[in-house]
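Per-chain numbering from 1; labels A, B and C assigned in written order.
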Amino acid sequence: MSAILDFLPLLLKGAWVTIQITAGAALLGLVCAFAGGLAAVSGSRISRAVAIVYVEFFRGTSALVQLFWLFFALPLIGIRFEPIAAGIVALGLNIGSYGSEVVRGAIKAIPKSQYEATVALNMTPYRRMRSVILPQAVVGMLPPFGNLLIELLKGTSLVSIISIADLTFNAQVLRSAALPTLTVFLVVLAMYFVMAYTLTLGMKLLERRAARSIGLGKLPYQPDAVKLAEPV
Amino acid sequence: MIWDWDYTRDILPDLLRGLVVTVQATLVGSVVALLLGLVFALLRRSSLRAVRIVTGAFVEFIRSTPLLVQLYVLFFVLPTVGITLSGFQAGVIGLGVHYATYTSEVYRAGIEGVPRGQWEAATALNLPASRVWRSVILPQAIPRVLPALGNYVIAMFKETPLLSAITVLEMLAIAKGLGSQTFRYLEPLTLVGLLFLLVSLPASLTVRRLERRFGH
Amino acid sequence: MDTDKADTGKWAETVTVEPPVAREMVRFDKVVKRYGDNVVLRELDFHVAPGERITLIGPSGSGKTTILRLLMTLEKIDEGKIHVDGECLTHTRRGDREITADEKHTRRVRKKIGMIFQQFNLFPNMKVLRNVAEAPVHCLGLSREEAEARAIELLDLVGLGEKVDSYPSQLSGGQQQRVAIARALAMQPKVLCLDEVTSALDPELVAEVLNVLRNVAASTDITMLCVTHEMKFARDVSDRVLMFDKGQIVEQAPPDKLFTQPEHQRTRTFLRALLEEH
């Protein structure tokens, strides 16, 4: 039992690095997702082409290869990344490509009738997106975003391969220190599980908030009930 | 010129050898994932509550934790309790079990998508359970989810580079080896990326065509 | 609900539009519209005078909804021209050539046109007040306070003053459609397109919407183009009824004449079928 107390601090430090990388990549991924998704539905053919190339490239290759390329290959054409920066950029761009498909799908899922209503009110495309389409689309994006966030958390373990001291790296360090490896790794898996579960709970809360902001989850119109409730 | 074409020509055969290992790992891992996933899906429908809960917990746990850590457990940790696996064995078991947790969800969706009436007709015809599954339910459940399963096979293909961390000589491992010898990483890594694209893009298009055929 | 006793003055005050510029408010000039191989409108010519109320009737597929959708620029015409209040909606002049109008020009002319949809199409992510005030703020340049003040007046006129803080999902179909009417009127259009605005409503909710529209017709000068099956409403409100079939105007006349003494066989058959249904 005391062995656990020995290695826990190192694992917690690693977990903190994992959380930071997840947060950084999530932020970058979110920006890329919206940039890519909006470009994919834009009227400009060039924007759409760029979006398609971005998505197919990052989705079509392996995240680890992308990470390696950013960290080992880019220096040869002059761009050098700090390891953590490479991790955040590679993971962020990667998850962003999946995210932009989510954004695109959610925007396309908004019924055509909403577009037509904005045309009848003579709204500009920008105003249409900002006031009507995006607020509704965001509600539909949250569940898939939640899944992607979990995938991102798991993906951060890859940075251990370029020697960033995240949770997985520290687990390997402890292994070579000849500590009870099975226990260590089970604890590590449990820590990832707890982090994933927390993220899932957080996303569920966000989903409920978003649904309320577009009037779902409120009491719907009930003709008879309303009449009965009216004070005489 | 930053790009060395002669070097590129030299390393291509080595990388292609790595591609073979990548493909082998993908195929074996896929077989495991596709079969085991179905087992998980069926176990989670068991009438025994204990079976359902244990399987469910196991699937959730594996699905929510990184594949890389699971590979490390299979390759580095198991020997300490007496089970020694080669890199390739650990790799395909790790890939297979991890992705089985995804495919089990896909199978579940497919099974639940079979109309209620089919189950009722099978009961009315007094068919034994195994035949109901073999002849009625699965033949309807599986074609509908083939595109989703196809996408997971492609995902497995793209995750094989993780096996380089447990000494499997797939494409990325070879590229790393070449790079560390010559300090030229640009060509090997770029080629690996392109090779991945060359395989996964047509594969995705095929899956998308499958999607259209099985009508969504 | 006090929309039965219309306060004509209040309506006129809140829904003022500038006087028309031309003798024809809407003119379709040899308009052709195809969907694939199907020619829905063939060289359609018709016009609507300012302040005129016309009703378009006819079997489905006859093109009447298409006319409204072309006017509202929800679809593009294949051939011909559409003019609104003296300006060409669909084309502009470049030197001495006529080219298809760009987005900027379309938006400018489209400002004069409004539409109310069969499915209401309120914005579910906004409360009722914002549904009505949003477009005036961003597309008419009103301040948020002015737009909301006007919105509240309009919502009062349609009988929904207490519902300003509700979400569309909390309203009945009839209430939603009345909000939609307020929303369209908030933009002060000169032409209002009404596309089967009561067809999606439960029967007991139809009257409240039609009453609001009767008030609009009685108290304002807005030109109205209605596609509807509500024959009594058409009789009460329209100056002219146009019978469509296969993309052509088969017959047109004031409602009293068309409904009681239709001249064309097609009109007679259609009206008979319609009366049998009701």
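In this text, a residue touches a chain if its C-beta (ideal position, glycine included) is under 8 Å from a C-beta of that chain, and two chains touch if they have at least 3 such contacts.
Predicted model, so just to flag it, every value in this text is computed and none were measured.
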Chain-level touch network, classified as line, ring, star, complete or other: line
Maximum centroid distance from subunit C, chain identifier (CA atoms): B
Chain centroid nearest the full-protein CA centroid: A
Computed distance of Cα centres, subunit C from subunit A, in Å: 44
Mean-CA-position distance for subunit B and subunit A (Å): 22
Separation of subunit B from subunit C, taking each centre as the mean of its C-alpha atoms, in whole Å: 56
Complex interface listing, subunit B residues touching subunit A: 2, 61, 64-70, 72-73, 76-77, 80-81, 158-162, 164-165, 172, 175-176, 179, 184-186, 189-190, 192-193, 196-197, 200-201, 204
Residues of subunit C defined as touching subunit A within the complex: 72-74, 107, 110-111, 113-115, 117, 119, 121-127, 134-135, 138-139, 167-172, 175, 183-184, 187, 193
Subunit B-facing residues of subunit A, complex: 56-57, 59-66, 68-69, 72-73, 76-77, 150, 153-158, 160-161, 168, 171-172, 175, 181-182, 185, 188-189, 192-193, 196-197
For the subunit A and subunit C complex, residues of the former touching the latter: 113-114, 116-117, 119-124, 127, 131-132, 135-136, 213-216, 218-221, 223
